[in-house]
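Following this line, the structures themselves.
In what comes next, subunit A is part of two complexes: it sits with subunit B in the first one and with subunit C in the second one.
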Partner chain A sequence: MKTKEKSLAVGIGAAAILSVFLIWYFAASYTKVSLFFPTPQKVFSRFAESLSVPIGKYTLQMHVLYSLKRVFVGFGLSSVTGIILGVAMGYSKTVNAIVRPIFNIIRPIPGLAWIPLAILWFGIGETTKYFIIFMGGFANIVLNSYDGTNKVDQTLVGAAELLGANKFQIFVNIILPSATPYIFAGLQVSLSTSWMAVLAAEMISSYEGAGWIINMGMNTGDTVLILVGMISIAIIGFALANIMRVLERRLCSWTVRGK
Partner chain B sequence: MVIYPASSCNRHKRNERLDKMKKNKKYMVISAISMICFFVLWELVTDVFHLFPVYSMPSPIKTFQAFFIKLVNPSPDGSVLLVHVAASLQVALTGYVLGAIVGIPLGILMAWYKPVDLFVKPIFDLIRPIPPIGWVPIMILLLGIDLKSKAMVIFVSAVIPCIINSYSGIKQTSEVHINVGKTFGLTKFEILRKIAIPTALPMIFTGLRVSLGVAWMTLVAAELVAATKGLGYMLQIARTIGRPDIIVMGMLVIAGVGAILTGTLEFLEKKFVRR
Partner chain C sequence: MDEKRVKVEVKELTKAFGDLLVLDNISFDVYDGEFLCIVGPTGCGKTTFLNSLTKVYDINKGSIQVDGEDIHPKKHNLAYIFQEYSTMEWLNIQENVEFGLKAKKFPPDKLKERSDYVIRMVGLDKYRNYYPSQLSASMLQRVVIARAFAIEPDLLLMDEPYGQLDLTLKYKLEDELLKMWKEIRTTVLFITHNIEEAVYLSDRIIVLTNKPTHIKTEIINDLPRPRKVSDPEFVALRNQVTDLIKWW
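And then the complex of A and B:
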């Protein structure tokens, strides 16, 4: 029964994807769409070709690696500072009172709106990209870490106090573990915003990376190149989301959100 | 005997409340001081000591002035501030409303009718990992640089959270409620309309809120990449001619408009959702 249902699901899913490609294929081969849209074979052969033939200066996988490096540097910086600041704000009301008003000014500014200012500040080098990715993910991590630390069950803290735990013990053994799921929720959201931020940063100023590829395709009117870039972007985006989910399942197994 | 403990309890409560108010007051004072320090420091490093080059860091006063000048003066980018805001809002709301109109029913259908779910989910999963900004080049190439292409990008960015949230909202409907509905002889559609959708409404609104944020952010980015009008375009022009006061002012306007949009939605949510 279960396996039959599963095979039905796989069958319908495969049919759905197949029909998308068939529509794409026929539209791009036999209708007017062919004037401005390439066929799937063209896109996939170009994709395979770009793995060995460079686009611009690098091959496709090198471009993707460049983007990934930027994401990990920017995301790493924003997670470390964001978690520290958020936990500090949740733990101490004084820190919250000091930081909150300034944070409230900065928070509603979308991360990508920092791009022009970042270029004025840091030029068009790597620092700019790290900064933009940092700003993209920062606010979310701070908010989630704050929420997690703030929503600690006070009964548990009281019980620990009663049993003679000192502040440091309470912090490490109670506050941090109960904040971890929230922090992870923040990290997951901000990893996907970071991936978006790196694309935007690369589209506006860079000489390599996945964002550069699609921007190059736009500037030269090369639809095939754009689609190749989008496929690689989708693959990486998918991988990033799932890595985070696996990590979460490992690190906070006591409270996995969803299933 | 009866009155005494009650009044003592009241007094105790009042004291507690007074304590709390005092504490809150203390934190409010700290917040105010920190805010003032922030602006004074900003003013000091720019206008007074000139620690940053003029082309990269505006002073708070200049930023403030830029706002009022830009309200009436169309230079350097050809339109006054409100025209930019209106242009951005038009694009963002067009895409956003379309995204909500398509996304919410699609999410509901996917959650309620299994075959729809099985058919649409794989296609959805193909599209979902592409960040909205990744759609900008292809849309501009296919639809041109005007409203249509950007509205389509916003549509893609807004439709995804709408689908996800209305899907999981409907899936949350309790089995017991559905069975009660069946017992009373409701059809499947009536159960959906009278039980599942009301259950999902808070989640649907969350989806609307998330996608509004994403849509607004995507719009600004799209305008930075390619536009002839709008807030992102204003920022981009200000950068090329080195007017940081307009950039910072523009960022604050973007933040403000975003906050107003979110606030409106929260107001609607309070009106429509009974918790």
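And then the complex of A and C:
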């Protein structure tokens, strides 16, 4: 029954995607939409061509690799610091009391609002891009790590204490595993905001990357190029989200077992 | 009972939350290896009483001693079984049972032997590699019981552990609990509001009053085991306790 349901969901999903392409095809081929929206054939043949013919200095896959590198650095830094800070806030009331007010002020500021300051502080080099990506994902990771640590089942903590577990054992064996699904939820959201942030960063100042491709397309009025950039972003974003989901299933396998 | 050694000595235990006096001067002994049931109405402070024993709450007056020393979760070998299933979802059944043993630095070479033994006793040998999310409610409660008995606690505290289960499961688990208790002979302090359960399980029953809670009476339960709820002696004792506490 489960396999049947799964196959049905995949089938419906595939049909939905196919419908979008068909609507796109007919709209771009037989209506006035074709004036500002290219056909799927044009976009996909350009996409394939870009894998061997450079756009600017690099081929499409090299541009994507540049973007990926930036995301990995910025997202990696925001993940490590965000998890440490969030867990510390959830675990220690003192840390929470100190950090929370400052964090609450910074949290509502969107990552992209840091761009002007980042340019003034770090120039237009890679550091600025890393910083923008970092700020784009940081708040979500902190909040989710905090929630996960703070919402740990006190019955479990009490049971572990009575069974003789010390604070370190409770932290490692109870608090961290309880918080892991929350942390992963934060990482998932943060990964997509980081991906958004890298595009914004590359559109501002860059000579390579998926964001640069879109910007280049906009500056030259080349809608095909814009769509090539957008599709590459969609493919990588989809792949990253799925990799994250696989990792989550492995590390938080108890959340899916028996369900 | 006279020849028995006192394991736990509770003297003048008093606990208040602000102006609200919850436990009022409670004194009693628990004997080594005894199965003591404490019955009382809902909200009379039974859980407060257990939390005072385990030092979750500071008490206002009195003392609780185990083997002549002030009770302390770090010093004494205590286990607590809650009404909720306190299994760790991320550990399989074997790892859950071994948790307390590892925390108490049980010799690693004997760890598996010990956990296998208690898992077998609760009838979960086929499920040792399963995870809590794959088990039923009664199985989860068995895991918690196995985990508690694995460390051979000086004192096992149970706070209405079968309150959420249906009757059939409850009877089954009560029998398993008695089997484990007979085998390991730990001292059990079992809190319940179910009089039949108390008569079925206990060596002795302490009846608490409503707040401010004090001991209303104490009944020795020397009915032979295995007990049958339909036996006239069983029914008579159950009625005796019921009559005593009819008007909480």
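Throughout what follows, the second predicted complex is superposed on the first by the 227 of 259 C-alpha atoms of A that agree within 3 Å, B and C clash if a C-alpha of one lies under 4 Å from a C-alpha of the other, contacts with A are read in each partner's own complex, and residues count from 1 in each chain.
Quick note on the criterion: a contact is a pair of C-beta atoms (placed from the backbone, for glycine too) under 8 Å apart; a residue touches a chain by one contact, two chains touch by 3 or more.
None of these values were measured; they are calculated from a predicted model.
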Partner chain(s) touched by A:156 [first = subunit B, second = subunit C, both, neither]: second
Touching partner for A:164 - first (subunit B), second (subunit C), both, neither: second
Touching partner for A:174 - first (subunit B), second (subunit C), both, neither: second
First (subunit B), second (subunit C), both or neither touched by A:207: neither
Partner chain in contact with A:121 - subunit B first, subunit C second, else both or neither: first
First (subunit B), second (subunit C), both or neither touched by A:94: first
Partner chain(s) touched by A:25 [first = subunit B, second = subunit C, both, neither]: neither
Intersection of the subunit A residues that touch subunit B with those that touch subunit C: none
Parts of subunit B lying in touch with subunit A, wherever the complex brings them together: 27-28, 30-32, 34-35, 38, 55-57, 115, 118-123, 126-138, 140-142, 213, 216-217, 220-221, 224-226, 232, 235-236, 238-239, 242, 244, 247-248, 250-252, 254-256, 258-259
Subunit A residues touching subunit C - in the complex, by the definition given at the top: 153, 155-156, 158-166, 169, 173-174, 177, 180, 252-255, 257-259
Subunit A partner contacts - residues on subunit C that touch it in the complex: 54, 56, 73-74, 77-80, 82, 84, 86, 88-91, 99-100, 102-104, 131-135, 144, 147-148, 151
Touch list for subunit A against partner subunit B, complex: 8-9, 12-17, 20, 36-37, 93-94, 96-102, 105, 107-117, 119-121, 192, 195-196, 199-200, 203-204, 211, 214-215, 217-218, 221, 223, 226-227, 229-230, 233-238, 241
